[in-house]
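One chain, chain A, appears in both complexes that follow, with chain B as partner in the first and chain C in the second.
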Partner chain A sequence: MKFSIARGDLDKAIQRVLAVVSPKTTLPVLANLLLTADEKAKTISLTATDLDMTVTTATAAEVEAGGGITLPAKRFAEIVRALGDADVSVSVDGEEISIRSGKSNFRIVGIPTEEFPTLPKSDMADAFDVDAELLTRMIEKVSFCVSKDETRPSLNGAYWEFKADTMSMTATDGHRLATFSVAGKFKKLAGNDMIVPPKALSHAVRIIGAEGGDGVKVAAHQNHVAFFIEGTTINSRLLEGPFPNYQQVIPKDNDKTLLVGRDDITNAVRRVAVLSDTLTHQVKLTLGKKKLDLTVSTPDVGEAKEELPCKFDSDKMEVGYNANYLLDVLKHLDGDNVQFSLGTAVGAAVVSSAEPAEGEEHTCLLMPLRLNK
Partner chain B sequence: MLARGSHYRAQPGKETRYQRVIFHIDMDAFFASVEVMCRPKLRGKPVIVSGKPTTRSVVAAASYPARKYGIRSGMSSVEAFRRCPHVIAVEGKPGQYIHTSLELLRIYKEHSTVVEPYSIDEAFVDMTGTDCTWENCEEVARAIKAKIRDQFGPDLTASVGIGPNKLLAKMCSGMNKPDGITVLRPGEFGRMFNDKAVSEMWGIGAKTEVALNLMGVSTIGELANFPVAMLRRRFGIMGEVLHMMACGQDDTPVTPYYEGMPIKSMGHEHTLSADTWDIMEAEQVLLRLCDQVARRLRKKQYMSNVISMRLRFADFESIGRQKKIDCYTDEERTIWRVSRDLLHRYWRPGQAIRLVGVNCSNLIRVQEWQQMDLFVQRNEDEHRKLLGAIDAIRDKFGEHAITRARLVSHDRRMWSNNRRVAEPRFMRMGLGSGNAARGGGARIGDGGSRSWMGGSAPDGARTSLMAGWNDAKGNADDVALPPGLSSSPFEMLRHQDAEDRVRSGGDDS
Partner chain C sequence: MGLERIKGQDSAVSLLTSAYASGRLSHAYLFHGPDGVGKEAVALEFARALHCETDGLESCGSCSACRMADGLSHPDTHLIFPVPTTIKPAELAELKASGLKAGFRDQDFGRKTAVISVDTVLSEVVVKANKRPYIGPWKVFIIADADRMTTEAANTLLKTLEEPPEQTVIVLTTSRPTALPATVISRCQRVAFGRLSRKDVEAVLLADPRLGFEPKEAKAAAAMAQGCPGVAVRSGRAGLAGELRSVALIMGGSRLTNASSLLDEANRLAYRLGRDEQQKFLNLMLLWLRDVLQLSQLRGSGGSSAGTGGGNASGTGEPEILYAGHRAEIERMADSMNVDDLEQLIHKVDDARRAIERYSNPSIVFTSVLLDLAVVRKRASTRRGAAHGVR
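Coming up: the complex of A and B.
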């Protein structure tokens, strides 16, 4: 294998896959990148995997001889980053890789490609198109709710669901839930529901951000999903379901509505939460017709109180929330005002933007803290 | 009374400014003495305390008359009967021993606030700074023994060792057993112990003894005069400790750890009466342990978010695995869910289980505010009420007054035929009639003393405990539940899977 390439192009390609290489691996070859060169297509491709997720990226290069090798990811990345502006030429002799650029010369030892794990195959022909911007938006609006608790594995990912006229993504950790759905024609995709690990989603967002591009192709398989973004393919294992019937926990009979400025409440919560308990992060909301009181009272620490204007259509009510969860929800909503739809002090609050975008529905659920008697 | 000893730590090798006075109080043949105390007709007879006679039990304690036949604790009961066919075997009553032990600690604490329970029948008492001095220490020891006699009668005797540190106090208490007092004043150590074998030293076991003998050291005096550098080369840092010990020096403080020390973890272990290959039997034990641990957490007002499960196999190989969960808990259903998962994940079919244990750590005090969960909210209130009622029954009638139906019988078939039952199922036992529980202010349904299994469950209880839950595919909540599981949708399905895997003999590696 022998090729030469502009240093910048090689560096970009490496950066697209490097995040997948985990610092601690059980298999030594997982710390390596698979580098292959195609003489006919005049491209090189780089692949990294942690067995759960695989990222492959291709880029044009002057390929003199095709072939493949795996080489230590971190070292290779450091070398390429440190090189000068001259083109980089890479050649492989057995398991030894030599990297030349200008007057710099490196020789590093690789591992034969046979030892690199066999990766799931995804065909772009089976894939459907998703608007890149929409996908990014959808992921960003829900993935903050993905659970990290390994005891409920089906909640460790975002549930991507297709119905005839809507596509939605939902994530929850049991304490809060976010669901984002868009209207459209998705009849052909119905039944492609999947639980995608957050790592794959955030990597997709990163690649979309770096590559630009309008369309993302997604191929859903029984156990894995592939995202094709320009020259990069992200292949990830799906999580086993079933995802809980989240529709059932979204309260339908919440009859009280609170309307408040998003920035006002965000800043106030951030301020009073300084004194909240480090375990529960409790903040108490006292809702009046025109006035919302935020209070924090932590034994041995102190008290904080802040008042802000609001519109509330019911009698006085008190409810407690984890300030961090509340801030997370507020941060991910759009618009100047937010609407809390409330039932009882121990039931879930439905939080949404007071000015929702057309054709979209972004709803967050927030479970309160209950005062132990 | 002044207590200063616990904060005091002598500098090794330096002249100590304060001379400590440490008591080591060791009860004589404790379990056996307690049994004799409870049944005076056993007085003067060879008595051993052991497990159930039919099981592979060992002697936990032997009375002094029994010791004359060569019976020692740790010996198998069969061997004890061989040595003395007319020995009287009594089944141990841990509750009684714990009660007596706590009462004894109360007596010691009348003399000093710095009391360290060392085991169920031994304690260190730091008398430094109290009105007990080297001049009157024997009198104080006699006073303590008199109080024990006044409260428990002549059958329960103690041997007291008094020394300038814990090591010497401990070594002294064993010198005049039973019912003795041994005082070792500062500077007397060499005279009393130099000629004794190194194995008589507290903390020197068989292996260390052999190693020392190979170096030509057989007595404590020889060890004290042996070059420290050589000891260090052979034993590492322990070499220096050995030297200090042989010189009668020990600076470990008496730590009253039962007081004011934050509890770090709570756990229970159980050695099965016979090794088992049956995962269901291990599960049953685990469930009981989870129940006990959760009860303790609630009683002490703690919550935990790190749950560990321990197994020991027939070959004495042990494994311990733990899992951190998202929220803090004091409920057995959560502890059970996590520990059961760990059991299934790390037990391999064919491995015979000897011991099962569960432990909760990373404890916090019960919080004023508690985060509610989207997926368990519906039956949360009912479940907390149920736990409160169970705790109230146990507070009033004892720990065994109420238990889970699953723990009553070992018959698994009963469960495979009655799997349409949601957890938590509890069964009241031994109360005679349902009125007893109601009289205690604790009432769970109208079940009387019936068990809540299958169709016999009182309707009120069933409807409140089986909150309606569907999974994502919209299945109704009539999914058959494996015994003892929570009815939240994830758990239901996940455990269903696990159950099926176990049935098919598979594993989820």
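Coming up: the complex of A and C.
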């Protein structure tokens, strides 16, 4: 194998896959990158995997001879990062890789490609198109709710489901829930429901951000999902379901509505939360017709209180939330005003934007804290 | 190739193959039986056969799944085994990697207690079971020495063990099924593993050229292994000879000349050896006593004469002496001790073995057993002296 490439291009390609390489691994070859060169297509491709997620990226290069090798990821990345601006030429002899650039010369030892785990096959032909900007927004609007609790593994991912006329993504950790759905024609995809690990989603968002590009192709398989973003493919294992029936927990009969400015309440919560309990982060909301009181009272720490204007269509009530969860929700909603739809002080609140975008529905669910009387 | 290359565990193998053929593979198996009879070997072969690209429960040995299985690097086979609790996370990854390469049972943990912790079960089994397979369709989890799971670890496993996702098989192996919580046992289908015939053990030892056993050595090793080829494989060719010698030194009495040497020896056994090695040492002591008992019975019934080198005694009456290389010492002991002495010693050693199994203080156990040995020897020799005096 032999090729040469501009240093910047190689560095960029490495950065696209490097995050997948895990520092500690039981399989030595997983600390390596798979590097292959295609003489005909004049491209090289880099692949990294941690057995959960595999990222492959291709980039154009002057390929003199095709072939493949795996080489230590971190060292290779450091070398390429530190090189001067001259073109980099890489050649492989047996298991030895030599890297040349200007007057610098490196030789490192690799592992034959046979030891690199066989990649799940993914066919671009089965893939469907998703608008890159929409996908990014959908992921960002729900993935903050993905559970980190390993004892309930099916919640450790975002549930991506397709119905005839909507596509939606949902995540929950049992304390809060976010669901985002968008209207469109998804009839062909119905039944392709899957639980995607957040790592794959955030990597997809990163690559979309770095590469631009407006079309993303997604292929859903029995065991894995593939994202094709420009020259990069992200292939991730799915989580086993079933995802809980979340529709059941979204209250339908919440009859009280609170309208409040998003920035107002966000800043106010952030201020009073400074004094909140380090364990519960409790902040109390006292809802009046035109006035919303936020209070925090923590024994041995102090008290904070703030008052802001609001619109509430029911009698006075008190409800407590975890300030961090509340801020998370407020941060991910759009629009100037948010709408809380409430039932009782111990029932879930449905929080959404007061000015939702057309064809989209973004709903968050927030469980209250029981207030000490 | 495949499961049929496992020797002497036909019932276990046929149970698995017929369950697979009828599409009724259980989601959890408990392989139980003595140490070193091939429980993990069957589990690994089973995983390999499930992953192999050929149909049925066979492995071709040439597809990429088989090649990965051979290198223990198949991404859908998860091998979990006990590791010391005191180990640092960084060392752990290294240890696991080298353990997987070298055969995890060969890891020298010394006297550290190795356990399967709740974190291991959570991250290696629960989380991974709830991910779809990498290649698929099967996922296999092999939890070796499952009795070393801590109580918390076992409880964490319960939910996954009871209803793992589809096409997931969890295999637990243990040589001490009684040490497992009933909640774990009741969730598994039990598969019993028996000891192998001596001939099978011999064949296993000769089959692997890496072990380097000569046919004659393999015969002796097979006799000592008591149906557990793994025991012989682990001590290896040189190791076995050394172990036999050190047992002979103690049983023959040359290490137990006075009180201080006895205490030294007891301390050496208690503090230098790991628990498994101590068990094995006591087993070898029992085998020595078995040899002595057999020879003395033979004499009592008027078989071959008391002369030295009685190996040429005729026909079926000649017992098989496992310590063939130490025959002279065994004969000397058979001459001096009577059946009561031997019976007493056998009980003492057996008690010691059980005590070690139950985590008794090894120093006390070995001091006591060596003291008993010395006392019985002394009694036998004075009796013999007195008998000579009368004569």
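Operating definition for what follows: the second predicted complex is superposed on the first by the 370 of 373 C-alpha atoms of A that agree within 3 Å, B and C clash if a C-alpha of one lies under 4 Å from a C-alpha of the other, contacts with A are read in each partner's own complex, and residues count from 1 in each chain.
Going forward, a residue touches a chain if its C-beta (ideal position, glycine included) is under 8 Å from a C-beta of that chain, and two chains touch if they have at least 3 such contacts.
These figures come from a predicted structure and were not determined experimentally.
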Note to self: Looking at A:Ser154, would you say it contacts chain B, chain C, both, or neither? Reply first, second, both or neither.
What the structure shows: both
Notebook entry, point to check: Is A:Leu279 contacted by the first partner chain B, the second partner chain C, both or neither?
Noted result: first
Margin query: Let me test your reading of the model: by the given contact rule, A:Asp38 touches which partner, first (chain B), second (chain C), both or neither?
Written below: neither
Next item on the list: Would you mind checking which one, chain B or chain C, touches more residues on chain A?
Entry: B
Margin query: Per the contact definition in the header, classify A:Glu115: touching chain B only (first), chain C only (second), both, or neither.
Written below: second
Next item on the list: Once the structures are superposed on A, label A:Asp50 by its partner contacts, choosing first (chain B), second (chain C), both or neither.
Entry: neither
Check: A:Asp9 contacts which: chain B (first), chain C (second), both, neither?
Finding: neither
Check: Once the shared chain is lined up, is A:Thr25 touching chain B (first), chain C (second), both, or neither of them?
Finding: second
Note to self: Once chain A of both complexes is superposed, is A:Asn223 in touch with chain B (first), chain C (second), both, or neither?
What the structure shows: second
Next item on the list: Indicate the residue numbers of chain A shared between its chain B interface and its chain C interface, in ascending order.
Entry: 150-151, 153-154
Next item on the list: Would you tell me which residues of chain C are touching chain A in their complex?
Entry: 64, 67-68, 71, 73, 75, 89-90, 93, 96-97, 100, 122-123, 126-127, 129-137, 156, 165
Item checked: For the chain A and chain C complex, residues of the former touching the latter -> 24-29, 51-52, 114-115, 117-118, 120, 150-151, 153-154, 156, 197, 222-224, 237-240
Notebook entry, point to check: Which positions of chain A touch chain B when the two form their complex?
Noted result: 147-155, 159, 172-177, 241-246, 248-249, 277, 279-280, 282, 299, 320, 322, 346-348, 365, 367-372
Note to self: Looking at the complex, which residues from chain B come into contact with chain A?
What the structure shows: 323, 325-328, 337-338, 341, 364, 366-377, 469-474, 489-490, 493-494
